[in-house]
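Same chain, two partners: subunit A is paired with subunit B first, then with subunit C.
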Partner chain A sequence: MKSLRVELNEGRTTYRPGGELKGRVVWTAAEIPETLQVSLLWFTKGRGTEDAEIVDQVVLHAPGLSGDRAFSFRLPLSPYSFSGRLISLLWVVEAVLREPEEIARQEIILSPSGEEIDLTGMP
Partner chain B sequence: MLGLSLFFGLFLFMGLLFTFFLVREGLTTLNTYRWVDTPCRILESGVEIRDSNETPYRFIVQYNYEYKGERYVDSTYRRSYDGGGDYTKAFRLTRAYPAGGEAVCFVNPGNPQEAVLKREPPWMLLFIFLPLVFVAIGGGGLYAVWSKRWKSKSITSRASKKDPVRKEKKAKLLLGVFLLFMLLGGGFFWGLCLTPLKKIVTAGSRLEVPCTVRSSQVRSHEGDDSTTYSVDILYRYEVEGETYLSNRYGFIGGSSSGYHGKAAIVKQHAPGTRTVCYVAPEDPADAVLRKDFHPIYLLLLIPPVFFLIGLAGVYGQMKQLRAAPGQDRFLPADARHDEGFSVSESGPVTLKPSASPLMKWVGSIIFCLFWNGIVSVFVVQAWQAWKAGHTDWFLTIFLIPFVLVGLGSLLLVLYFFLALFNPRPRVTLGSVSLRLGDSTSLEWSVKGRRGGIRAFTIKLEGREEATYRRGTDTRTDKNVFVSLPVVVFDHGLPTGSGSAELNIPGGAMHSFTATHNKIVWYLKVHGEIARWPDIEDEYLLAIQPLPLERIQA
Partner chain C sequence: MRAKDNPFCTECLNGLDFRFFGADTHSLLDELERRGMRGAIVGPHGSGKTTLMERLRNTLTKRGWNVRFCRMDDRSRSLPANFLIRRPGPGELLCIDGIDLLPAWDRVRLRRASRTAGGLLVTAHRGGSLPTLYRCGTSKTLLRDLIGELLSGQRSVISPDLDTLYDRYGGNLREVFLHLYDLWGRT
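Here is the complex of A and B:
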């Protein structure tokens, strides 16, 4: 039975800029995969065409049929997670197993306050 | 996937086919540069008038030459030459290669029976990049369709990597594209537009000479989708005892849709008609029937527009390449310290508006000229058809919204012209190195006539900008998410200067720039003036995220 999941240490989903994000990726594949990528990235959602940028990434070649691997990322100072009327910016840790493709994601919030910046609530 | 594969496959196939033909032709042309220069004697030289819509006037020549002791006769002027629609060009060749004169021809050493008087210019090979663009689109598209990466549902596959080197490569690639625009626009302008423009400008110096129409007709030119028409009036005139023929009607040739207008012109110039033509005093072979301005001449301004687009693009990409890596994520593209600020970041800085009143006015003029220039060509056609009693209702109704936009653009030019005389605000900040939660001093002043200002405000605003495609259009939606007053005068402007405190909200989002989505901060200066364009200026700010020490505190 195939499965792929991303687990963050202590189940944390909110982080401050400049901090450290630690977690592990656990997988069981139906066929021997070629690569396992774990990426820290942000992407936009909303009215505008999606922008996305990979901030950091670890790649395992020939990771094996199943496994459990820890990872750690140094979080950048920006951009913050925010939500506005037209645009939202989200941070995510995404694991991608290939081939065949399996994807697992864990969304996080990156901001100084630990909460997503709400642009709709500003004066 | 099958449909996309066929689509991109066709692009690839056509691109490769055209590349093949261009390369083959180019190599054959280059080969003639190895042919041997040989003296030759012109036996015959003249202009053949043929019954052909595309190439009615052809320079015909016969010459002899000697190569390795053998005598040969040939009649090839240039390999790909088969005449044209301009009589004067063919006539000039008879002057360049007069019967009985000597010339130099180029003989094929591998086949001495083959010779030419003029070799093709090799610059045709420069056009090879055009079909290569189709090859790139086709090949790239097929790769994208069949690439497993493209079929991936992961965000990772869609994301770009934070790679300053890659961004620099992209900026350099775009720089190359815009340089190409400049070269093409400049090249076309130099090669095709400069000469007619010079003639239009010096039209007043032309000599009015009596001429007689020898033949006249409307020539039709079959295109892929439609047929276009051109006026071909061949007339005879004399200058200093010498007889010339010309078929130039105006300063530029070409064909266009609209048969009736051209038929009316030909009817007015039936064979035998005596009229006047206008001859260039320095070149009697250069004559036109009509020397007044025609809106179609505005098409000559299209290549310079391409040149200007290329120039603007080159400027933009050079700015990107000069920017410090990692900074462009915070700084709006037109608010970098070398653009928006007059001194270094740490001291007081006088801000520059994102678009000056002069830039707005010039921009409105360029748009107005471009838009009305193109629209006027069709308006003239519709008007000529109406005058001839063949009103083209579809064209007339179709043109209405375009004409309205054109009229609106004229009003806009007037509006921005009046705004040039507005009082000019000036904003100086204590520091532009601003972060969330920071405060700095703001000094403002207004120079010029303040008496008409009914209300004056300076606000700090934050705005979301989201760009997306809808069909073939690219749109940008904007939303102001915060507007904080900094300076407010509701009843006139009693003083010409003042100061205030600028406070950046601590819990807001910093400046952010991505390809399609932005968070932009700016100071908005608004001065309401009765019965006159208002003062409207925006001064971009770069609000940076909190530094590490403030987050950890």
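Here is the complex of A and C:
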């Protein structure tokens, strides 16, 4: 049975800017994959055009039919996770197995307060 | 309401499946093949041309085509400098979303390049020299169907008059969805 999941150490989902994010990706593929890519990225969600940036990435070639691999990323100082009425910025750790493509994501919060910055109250 | 929770956010709209009338992806691609891999998706603003092109593009890539894609919009009205820097080969399909916005000189370059490419697929507001592969259109029924999908499982906190919205924006569903985004965002 195929599966792909991202697990963050200690089950953490909130991080401070500049901190370290550690976790592991666990997979069982239906067919032998060519690559396994683990990315740290942010993307926007809301009204109009979306934006995204991959901040860091680890690529494994010929990862094997199943496995368990640790990863770590140094988190940048910005941008912070935030939500307004028009736009939200979200951070995720994303694992992608190819081919065939399987994707697993784990959302995190990146902010000095440990909480998403709420801008919905702003005019 | 936070942007990420708004059911009319761009990500949610991009997840909507294209609603065909009298065709499907495979019959459309069969038709494209019959026409020498040259065709145009035609329709007014906000009628789903880009959504359909995305769907066809993905299927063509899975079928082994090397798709060279470019989207025109108000911010980008010319082909990127490197788009045709390398002559396209027979295994490559040129896809242009919004060919109407291209200036004449870029159209000439594109026409020349398409002679060596395996095919050319475009979106346009009106038919032109390329055969019309599919004509996109909208209706009030389609609008209700799409909103039903977007709001599935959610309690609707407001009840906009969809018929009036549809008429107000002349059937442009993109504009209707932006209006609904703003409406939901105020809740």
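Going forward, the second predicted complex is superposed on the first by the 121 of 123 C-alpha atoms of A that agree within 3 Å, B and C clash if a C-alpha of one lies under 4 Å from a C-alpha of the other, contacts with A are read in each partner's own complex, and residues count from 1 in each chain.
Definition applied: contacts are C-beta pairs under 8 Å (C-beta built on N, C-alpha and C of every residue); 3 or more make two chains touch, one makes a residue touch a chain.
Please read these numbers as outputs of a predicted model, since none were measured by experiment.
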### Query
When the two structures are superposed on subunit A, do subunit B and subunit C clash or fit side by side?
clash
### Query
Should A:I87 be classified as contacting the first partner (subunit B), the second (subunit C), both, or neither?
both
### Message
Looking at A:P79 after the superposition, I want to know if it touches subunit B, subunit C, both of them or none. Which is it: first, second, both, neither?
### Response
first
### Partner touching more residues of subunit A, whether subunit B or subunit C
B
### Task
Quick one: classify A:E50 as touching subunit B (first), subunit C (second), both or neither.
both
### Query
When the two structures are overlaid on chain A, which partner does A:S113 contact: first (subunit B), second (subunit C), both, or neither?
first
### Query
Which parts of subunit A are in contact with subunit B and also with subunit C?
46-50, 84-87, 120
### Query
Contact residues on subunit A for subunit B in the complex?
16-18, 37, 39, 41, 43-44, 46-55, 57, 77-80, 82, 84-87, 89, 92, 94, 96, 98-99, 101, 103, 105, 112-113, 117, 119-120, 122-123
### Contacting residues of subunit B [partner subunit A, same complex]
148, 152-162, 329-330, 436, 462, 464-469, 477-479, 481-482, 484, 505, 507-510, 512, 514-517, 519, 544-548, 550-552
#### Entry: subunit C-touching residues of subunit A, taken from the complex the two chains share
45-50, 83-88, 90, 118, 120
### Query
Quick one: in the complex, what on subunit C touches subunit A?
1-4, 6, 9-11, 178, 181-182, 185-186
